[in-house]
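After this come two complexes, each holding chain A, first together with chain B and then together with chain C.
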Partner chain A sequence: MKIEILELSDNHVRFILKGSNPAFANALRRIMISEVPTVAIDEIVFLDNTSILYDEILAHRLALVPLKMDPSLLELVRGESDLSKFQIRLILDVEATDGPMIVCSGHLKSEDPKIRPVSDNIPLVKLIKGQKVTLEAFARLGRGKEHAKWSPVSACSYKYLPIIDIDADLCDLCGRCAEYCPHNVLKLEGDKLTIVDPLSCTLCRYCEKVCEREAIHVKGDDTAFIFYVESTGALSPIDIVSEAANILKLKAEDFLSKLKSHLSAPEGEVDEEDRPD
Partner chain B sequence: MIIPIRCFTCGRLIADKWEEFVRRVKEGEAPGKVLDDMGITRYCCRRMFLSHVELIDEMLKYEEARRREGERH
Partner chain C sequence: MKIRIIKRGKNDIELELEGEGHTFCNILRRTLFEDEAVEYAGYTIDHPLIGIPRFYVRTNGSESPEEALIKAAEKIAERSAEFRDEFLRAVKVHQGKS
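And now, the complex of A and B:
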């Protein structure tokens, strides 16, 4: 198994995973979406809300605000099904004293400076003079499978590495494939058809369709995957991928130990442990 | 009513980019160009901006009228 990083920024990573199989790639993707824990607001005590948004609407908006978290928290809860031991409080206390104002995520005051909204400019509600919002919000650790607000990723996908095969004997260099390709993967330069950008190919196979001589063939390599992971900002994209791998490893180890205990214990004497998630 | 915090489909944070989007479109830039510029590439996120109507500003006008009414009495 080999990894080649194509792009890396603060909120996304694109990499090729080579020498693997679809089952592994998909397990990794699904764990990133639904099992890597993050922090999100989960309970709110409203002390005052005279804004025009109802309490529940405002609560829903607050819950969706992504909170930047300390990656060391991941180690604290790794392998545990109960995440309730961690909780922090955020306070929002605003009043429009002179004229209209926009209440932003920057107005939220966190108890812990390490856990705060990823952006200070997320509008929560708009107030006119005299309106007031006072609330206490409790942020907890959770997983995407319980509610999407806890998912650390927005877009998280993979595709097979494209293999584009051009049969030089059959190709008459008509250039239709290059002309019709929606992602400009192919280019006709003089008397040569070249693959300029194979990674952008979406395997749509439109080039195959327009080729009258069946000289071009596109297929996906099911041992190599181009991953695209986009973080909501809660964790760095690399932390998300590595934590997903850790979770997958723990699941495999748990499975192995259960299997071993079943094989070594005489029949009917195996303790029924709690099912893992 | 007010710009949703995240894209309905993919969950990307969009609300913090709304003010900039509105300002730049008002200044005469093409909406598509502004979105490209801000890195909103997927069509699910783009429709959030293009189809949104910020009704909360209209609602606040009624609140404002009610407040003035209250002051008069």
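And now, the complex of A and C:
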């Protein structure tokens, strides 16, 4: 297994994983989307809401505000199915005293400075003079499989590493493949066809279609993957990827220990517990 | 995760993995394929929302299906740890470059 980082920023990472298989890549992708925990608003007590939005609409908007979380929380709940041990209160108390205003995520006051909205500029509701919103919001840890508001990634995908094969004997350098390629992967320079940007090839195979001499062939390498992980800002992309690997490891170990306890127990003793009819 | 053994034949086993889905079942199935002794490995999830995965493994007899499952799960755990370490190493290399 070999990994090479292509791009890394506060919000995204792009890397190549070599020497693996699609099932492993897919397990990681699924875990990043639906099993890496984050914090999101889950319960709200409305004390006053004279805005034009109904309580439930405003509640839904508040819940979708990504909250930056402390990565040490991940260790606190690693391997546990019950995430209710962590809760935090946020307060929103805004009144439009002079003229219209837009209530933004920045108006949310958090009890814990480590947990706060990722951006202060997410609009929640617009108020006109005299309107008021006062509420208490409770954020808790959750997982994306329960609700997408707990998903730490806004985009998480992988594609096979492209293999572009040009048969020099058949190629007549017509340049059609380079001309039609939607991502400018190929380039015809003088009497040479070069692959300038193989990683941005999407395996659309349009070049194969336009090549009259069938000189170009594109396929995906199913042992190598280009991953793209984009964080909502709740966690750093590095934490998301490494935590996904931790979760997969724990899953396998949990399976192993449960299976072993089944094998050591006398027959018929462990199963059939609270089995629904 | 909760495991329930549904059937144990001579060289095959059928179990239910409550609380799991495609995420773990598919990688387990794929990892079992790497084992020469495994003749068949597969699973079904009856309902996309409320289904409990049913996993089925059959071996050729040179190894019990439980042994095959244990070997596969160990491999998955090993690879996940390897992936995490390799990823963190790659991040360090990348940060050193820029």
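We take it that the second predicted complex is superposed on the first by the 264 of 277 C-alpha atoms of A that agree within 3 Å, B and C clash if a C-alpha of one lies under 4 Å from a C-alpha of the other, contacts with A are read in each partner's own complex, and residues count from 1 in each chain.
We adopt the following convention: a residue touches a chain if its C-beta (ideal position, glycine included) is under 8 Å from a C-beta of that chain, and two chains touch if they have at least 3 such contacts.
What you see is a predicted model, and the numbers here were worked out from it, not measured in a lab.
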Partner with the higher number of touched chain A residues, chain C or chain B: C
Which superposed partner A:S154 touches (first chain B, second chain C, both, neither): first
Partner chain in contact with A:T223 - chain B first, chain C second, else both or neither: neither
Partner chain in contact with A:S110 - chain B first, chain C second, else both or neither: neither
Which superposed partner A:L53 touches (first chain B, second chain C, both, neither): first
Contacts of A:Q87 with chain B and chain C, given as first, second, both or neither: neither
First (chain B), second (chain C), both or neither touched by A:S119: first
Overlapping contact positions on chain A, where the chain C interface meets the chain B interface: none
Chain C partner contacts - residues on chain A that touch it in the complex: 1-5, 8, 15, 17, 20-24, 26-28, 30-31, 34-35, 81, 238, 241-242, 245-246, 248-249, 251-256, 258-260, 262-263, 270-272, 275
Touching residues on chain A, where the partner in the complex is chain B: 52-53, 57, 61, 64-66, 100, 105, 118-119, 121-123, 125-126, 128-131, 148, 151, 153-155, 230, 232-233
Interface residues, chain B side, partner chain A - complex: 1-3, 5-7, 10-13, 15-16, 18-19, 42, 56-57, 59-60, 63-64, 67
Complex interface listing, chain C residues touching chain A: 1-5, 17, 19-20, 22-24, 26-31, 66, 69-70, 73-74, 76-77, 79-84, 86-91, 93-95
